[in-house]
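Below are two complexes that have chain A in common, paired first with chain B and then with chain C.
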Partner chain A sequence: MKFRKIINPRPLWAATVAACALLMSAGRGVGETTTEGLPFPIIERFENFGHDQGIPAHKVHVVLKTSDSKLWIGTWDGLCVREENGKFKRYGPEDGLTHKMVLCMVEDPKTGDLWIGTMRGLNKFSGGKITRYVQTDSGLPNNVVYGVDVADDKLWVATAAGAGVMDLKTGAWKIYDHTNSNMHEPWCYSIKGAKDVVFIGVWGGGILEHNPQLGTFKAYHDPDGDFHYDLVPDDGPINDITSWIAWKDGVLWQNTYFGMSRYDGKYWKTWVQDKSPLPSNFTQFAWPVGKYCWIGTDRSATVTDGTYWANYMLGDKGESILEIHRPKQAAEKRILPTGICNAFVLGIWADENEAWFATANGLSHGIFSPRPSVPKVAAAK
Partner chain B sequence: MKQSTFALWFFGCLAVALVAGYGGHAWSVAHVRRWTGRPELGFTTCTHCHVATESLAWSKPRARHPAPAGLAVSPDGKKAYIALDEMNEVVEAELGSRQVTRRLAVPGRPFGLVLDQEGEHLYITCRDADRVVAVDARSFKELESVAVGSAPVAIACAATPEGERLVVANSLSDNLSVLSASPLKELARPQSGREPYAVAIARDGTVAFAANRLAVPENYLAPANSELTLVDPRSGKMLIRGTFASAHLAEGVATVPQRSWAITPLIKVRNLVPITQVANGWVMSCGLAISDHRGNIIQMPLDEAHDYFADPSGIAVDPAGKRAYIASGGSDRLTVVDLDRLAAWLEKASPGARREAIEDLTLSSEYVIARIPTGRNPRQVVISPDSKWVLISERLDDGVLIIDTATLKPAGRIALGDGGSGDPIRRGERVFTDAKYTYQRQFSCRSCHPDGHVDGLSYDFDGDGIGDNLLDNRSLQGVAGTGPFKWIGKNPTLAIQCGIRFARVLMRTDPIPPRELDDLSHFLNSQPPPRWERKQHADLTPQQERGKRIFFATMTTTGKTIPRERQCHTCHRPPLYSNRLSSSVGTKGPHDTTDMFDTPHLLGVAFTAPYLHDGRAKTLEELWTTYQTNDLHGVTSYFNKHQLNDLVEYLKTL
Partner chain C sequence: MKRLTFLCQSRLFFGLLTGVILPMPSWAEKAAEEKVAAQPSIAKAATTNAEPATCGLPAGQYPYYANTPEEMVPFRTLEPYYRYFTTRLPFRGPGRDYPDPPDLKSLKVGLFGPAPYGPEGARGKQTRLGVLLAFEEENASRRAGQLPFEIVEREDSPLWGSAANIAVDFKDADVLGYLGTIDGDATHVALRVTLKTETYIINTSDPDPTLMETQIPWISRVFPDDRQQCYRLADLIINRRGCKRVAILRESSRPGRVGVMHLVNDIRRLGKPAVAHLLYKPGDRSLAEQLNTIKGANPDALVFYGQPEDIGFAAALFRKSGITAQFFGFDRLKEDGFSKNAGEAAEGTTICYFFNPDRTDKPWVEFQDRFQKRWSEKAGIYAAYGYDGAKLMIEAINKSGPNRYRVRDYLANLDEWDGITGHMIFDGRNDNIAPMSMAQFKQGKWQFQPVPAITRLEKLRAAQP
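Showing the complex of A and B:
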């Protein structure tokens, strides 16, 4: 008993496991350094931002850190950029923005221009100036711009009346909708350039893969066709109600309000809350980083590579809960000192060093735990 | 022949002629009414609709002149390189002997030039070929080329930590091409303002400045602002979009390394006041915009209170950053600015004084130290690396003037041709670009029609002095055969349009003499629509084909017949895309006295924004969305967004 009091065996066991995990992770090589044996970083605490820091609305729809390290957020009431003093500077319709409600953003990797979709029109923030595009003065398919992406000098938009593409060199627009593609209906929620093709997330229409060179469309639908249940797991998109899509390094992630799926070009994998650590079927955003992906649900910010999971949630009393799920192990539950400002996560930006979360009630910054240093010899192996 | 027989024969012929004449007249009137769908029309000449473009002046061969465009000087100061865009040539000249020593054929209208720092490579923008050509300066042979945006006109080169970079101004596609020199390839194509026309890179290679000629159409009732675009030449990323407030036609830019400035000559334009109010430079004056590396801009006057130096274009700054040399194309002068004096004034001036400086035409005496006469239409300026010589292209005299910077006097001239005085088109261009025909030499025809095109502004041409009745400026490119002129179709010929009335309401001085007016008409008629040659050989894309079918549609997609008078091609009839008649398309504004406006031709319409008679429509789309009234401007209410986009893409091909 004395021994037990002096040296608690549980931490000792945990330390042993952690050490083993560290050794195992070391064998993965420098590029796959992990935290606690996990293939993704772990958040140790959150910093939260709201009205006091100049964010004009409680609802933050989208967050993006651009290549010049500026942090941009799109809110219910305007576009904001974080200034050096930590405060957020707002841009609204009075500054030229087509509408105050910002829905999506993307940075042109070549020029650094920021493209901003709103409830009424598309905007380009370039060199401090806003250029407006609305459906009556440009080729934009529709003013409600849910998704935007830039790939190969082409700007792609997902709108309430189809997908559109503007050639950034010539300014010419094309529209794809139910009249000239196999789109189920023209309500597009998300769009993502993926090397030679473009994926379009269509509300009720699953996912469309468009090859701009060939002009072809290929549709991915839920094969079991059931609206509420994933009757046959891993058979294709989990549902045709696509709320968001993301693509990185050959892997496509699909969010729906009935679970989520992943497609590696050959195989589909699906997850629902009852049969996986996914906290909720209501998934609405995905942000892949390497082989893992951050997921925004109505109950959590979640990160997973499909095998390991970490869910950041809020308890009934507002406590910050981290659930870590490892294969064939019981879920590990931790209480963090600070939590995400709201568990209804609408947008995410993350890299290997930090994560930002746009939520229904403020903006959160996820501070990662320090990562284990990898022995050089092991890394070399 | 008996008298009675003669009378019978005479009256018989007369009767036949009358019958035939009346019948012909009746037939022609019926023909016009049938094909226009307008029963109120009377006799209209056949050429309103039946025109062969081959018969128009701009489609006929014309004399080409060795007019100098871009200039460059070798690092040792011994050689000059001169682009002769009309001749499709670049020449090398010895500065010592003032003689052309070598010629290189460069197809595609070579325009802008730059040498790399070592003087080993010459880079040339080909305005009509949309390419940049690299030439070995030693062998004077082409090495390679790379595709860039539309109509590249200017190029700058600088060494950066990431390697040598070139920045190209693509004037018609409104963007910049950022190139690596080795290998020669495009890294990025950031959007600029409208019609980027000049570029310069700071000596440290961290920022490139692009001066844009025109304002992007926004609100036609608000002052027009054009743009100074700042990009990172290393990556092509956009840095800052500076604003030339209520100013435009920036055709040159130079950096001042010691002060971290970029200086841009420009025209301060006040198009919203009555165009008759030219006294004291109230409508147009010239200035210098001084920008720091953060895009903060101060405008300073270049003119004097009673003497103006119209159409400032090229600028060069000596390597020590002491002087700037600015060519004024409309006044045939080179202005020399002492930058130390300019900096001293700026330093002591209050923020308010800096803000208002451009309005005070007495200020230029604080820093202008010389006005040097040049040949006709000086446009480009370059300074030798040792600061001894300034070279100025005398574009309409086919020569390059060399100024000794020590004496500020001409030291010689490189003659490239005879000036072309025997060519009425060349003489007409001289009239077009010369400000001597306007009050106190304030502006030239070119001040509103750069390269014969548009400046993208609407002006108040009414003599009522109220200043609320704007008329959109129209392009002169492709103008031959499109009379009558003016938005109300009042002037039957260009000579009348540009004659006495123009002198009264605009130039406020004596009219252009008849002989020179005739030359001016020759020049205007010789102006082809933009990119005409290229368009003749370009195939339409499927989208453009669909747009073409909409343009020529006689029925809606639901099978409903479109009335003849509301079919696009009835009024905008090929080949000029105008039937040269006035029509009502439901665009009468509160201050218009008529709803009948001249049908504009559509050749090059993609480049002539804004649209409608007062310039209220900033894009083509707005013609049929925001400003369409009861399908009067063509039946378009059946369009979906696909069809509108298709039509717009087709119109861009005209």
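Showing the complex of A and C:
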């Protein structure tokens, strides 16, 4: 791994302090770190994909690697799957897709079916066949489908006119809106199944936690109750205008255009630009992996566990910048050999081995740097 | 705030905090670097794209959020952790260098109107006529070789979310931008779609204060909103008329809720919280409970928000039942439905209004004449702002070419603009914060006061070196 360090004049003692801080950080031993003492992997270079590989549009809204290792992307101009020759095959309205602009995707973990939300309806891709669902011939609340998820044999959708759920066994639909839930307005932009509950990201309505068994709704709101300031940090969702939510292992992540938030079931933590390493308040997407989370903003792909941060950005001349932020240390900046194709990041898929980024100007593949071997004794501790 | 920022960026501060002099935290260092680095680029964007005036303040700085009067600024005695809207939100995505669409036959602009049969139908019709007049005039003056403008019209329906489908229609029609609409719900829904479709909206008629607070960098509003009316009314009622017991009666709807939202806060900040805040269903004529509660609160000022016919009925009922409080309201009470239903109870009612529609300056009079000649009816306020919104969209497309991203940059960098409705000043959210007038109903006529100065901005300007 060869990086050119452009700003890193920190003294040796600072590194020592950092190492001590790392060792003392709650619940984290050296053995649990991945790369360079960080709790998440580091990307050493990017591979980029665009028109030359058959991607039909600049804008890629969503990327998903399915359980059969196929790579799917939803673009401004159709749904695409990466074929063995590395080229992307496109599916559009002429193939049955309800609209060419694909906004979201999820795989049914039981069947492998792919559910695709577009600007004009929902689609199921199963066995090479597309089945369409629109608001006039199904229980879909609205044709603009911003979010989709599958949990416990139920398909959940977040639409411009409410949240909907379809029982995948019976095909029966139910709609949740301002008439039967505590939404101010039924403008839903994200939905995520969690353990026993479903979280709904609502525009202007914060986050709703719905328990389908009990039929209950619990709302999480920004306690400040106003948009043009955040009175105190860490007091709840950073803002009620939720642009995206994600949930993993008991931790809820909220994106807004006012910063981002995390809720671990007990405490809220909020981040805004200029007062944290978050590069921009305009956060668009979250993809948690274990206890850390990949974030798509309008100027970076970011990964954080809330304490350590890595921001992948582009400089004025297009150079690929990696900023690593460690507690109580100056930011470490590096130039990577290749950069993300665009820093306006709309969608992410990642696991412990790789990361894919849907951006406003193509698709990027983040190649992780090799991780140090984990000392068994330290890991046991 | 400056003091706090300085402290946060100070190594000494962190040294004291931690007991050891550590390097400046990375985020603070980055913020300091970017603060310096950002200014030239903002200034460049503001001058090269839009050629705007800069409101007399440093380019890119908008510390006069909503032109809120100082005494009505929330938490004015302490500094919140974070303030938004003091700079313009950039759009950092690509698109400005995309090639122009090939084989263009026209320059398409969307017009999103309310349902013609709904409560906003008549106002929407006026907006439509104003917009069409602007495009007709522009097309008539196009030179040879210039593409004509084409209007793609869509009407809203009462179904929640229909606006989302309409915004997708506009995307599919490849419009370069669109105008509309009145209804706050519909405009909100369309705006969220617009973030995905990347098509700029100029709103000409939605008074919802929250519309522009969503941090979506794809909208400007030329229509002064209910927030501006709340400031003016609060100042008039508490400071100038000296009222001490303010009651509010407003319709039970989203426009009603967000319409008076700021008035409730403003009068509280002026030390006179509302003594009663009652709701009614639009169209309801059974107001006995509201009447009894308000009467029991013994108000000296009663502020109404709702459709003019409903408020006219309520005003007549309340006055007849012995309530002597001064009546106040929002712009819509100027429509005939109010005075007709209120009868004698309308006398003395004071409302906030955009400007004096009987003014005699040349641009306004000539617009009235052209409108009357073309449509055989008088141009109302919705026609006027529709016309201005259309003219602004035309200007943006003429200067930027058929590229949605450059059209966005032109409009989103605009600080001031002159329309037939008057001089507009856009704040950090691209919202027109031009001060509004007041009018009082006396002897069967609305009598208008002059439009005041934009005080907070003027003060900031004066403080500039």
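Please note the rule applied: the second predicted complex is superposed on the first by the 341 of 381 C-alpha atoms of A that agree within 3 Å, B and C clash if a C-alpha of one lies under 4 Å from a C-alpha of the other, contacts with A are read in each partner's own complex, and residues count from 1 in each chain.
As a working rule, a residue touches a chain if its C-beta (ideal position, glycine included) is under 8 Å from a C-beta of that chain, and two chains touch if they have at least 3 such contacts.
Quick caveat: nothing in here was measured; it's all calculated off a predicted structure.
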| item | value |
| --- | --- |
| Partners on chain A (chain B, chain C) - clash or fit | fit |
| Partner chain(s) touched by A:129 [first = chain B, second = chain C, both, neither] | first |
| Touched partner set for A:264, first chain B, second chain C, both or neither | neither |
| Chain touching more of chain A, residue-wise (chain B, chain C) | C |
| Which superposed partner A:174 touches (first chain B, second chain C, both, neither) | first |
| C-alpha centroid angle, chain C to chain B via chain A, nearest 10° | 100 |
| Touching partner for A:111 - first (chain B), second (chain C), both, neither | first |
| Chain B versus chain C as contact partner of A:351, first or second or both or neither | neither |
| Touched partner set for A:161, first chain B, second chain C, both or neither | both |
| Which superposed partner A:141 touches (first chain B, second chain C, both, neither) | both |
| Minimum C-alpha separation between chain B and chain C after superposing on chain A, in Å | 7 |
| Shared chain A surface residues [contacts with chain B and with chain C] | 141-142, 161-162, 177 |
| Chain A residues touching chain C - in the complex, by the definition given at the top | 10, 14, 17, 58, 61, 99, 101, 103, 119-120, 141-144, 159-162, 177-178, 185-187, 189, 203-204, 224, 226-233, 241, 256-259, 272-278, 280-282, 298-299, 323, 325-326, 328-331, 342-344, 360-361 |
| Residues of chain B that touch chain A when the two form their complex | 149, 173, 175, 187-191, 216, 229-230, 235-241, 295, 543, 618-619, 621-622, 625-626, 640-642, 644-645, 648-649, 652 |
| Contact set on chain C toward chain A in their complex | 8, 18, 20, 22-27, 29-31, 34, 65-66, 74-75, 80-85, 89-95, 98, 159-161, 163-165, 168, 171, 185, 188-189, 192-193, 196-197, 210, 213-216, 254 |
| Residues of chain A defined as touching chain B within the complex | 67-68, 110-113, 124, 126-129, 131, 135-139, 141-142, 153, 161-162, 168-175, 177, 179-180 |
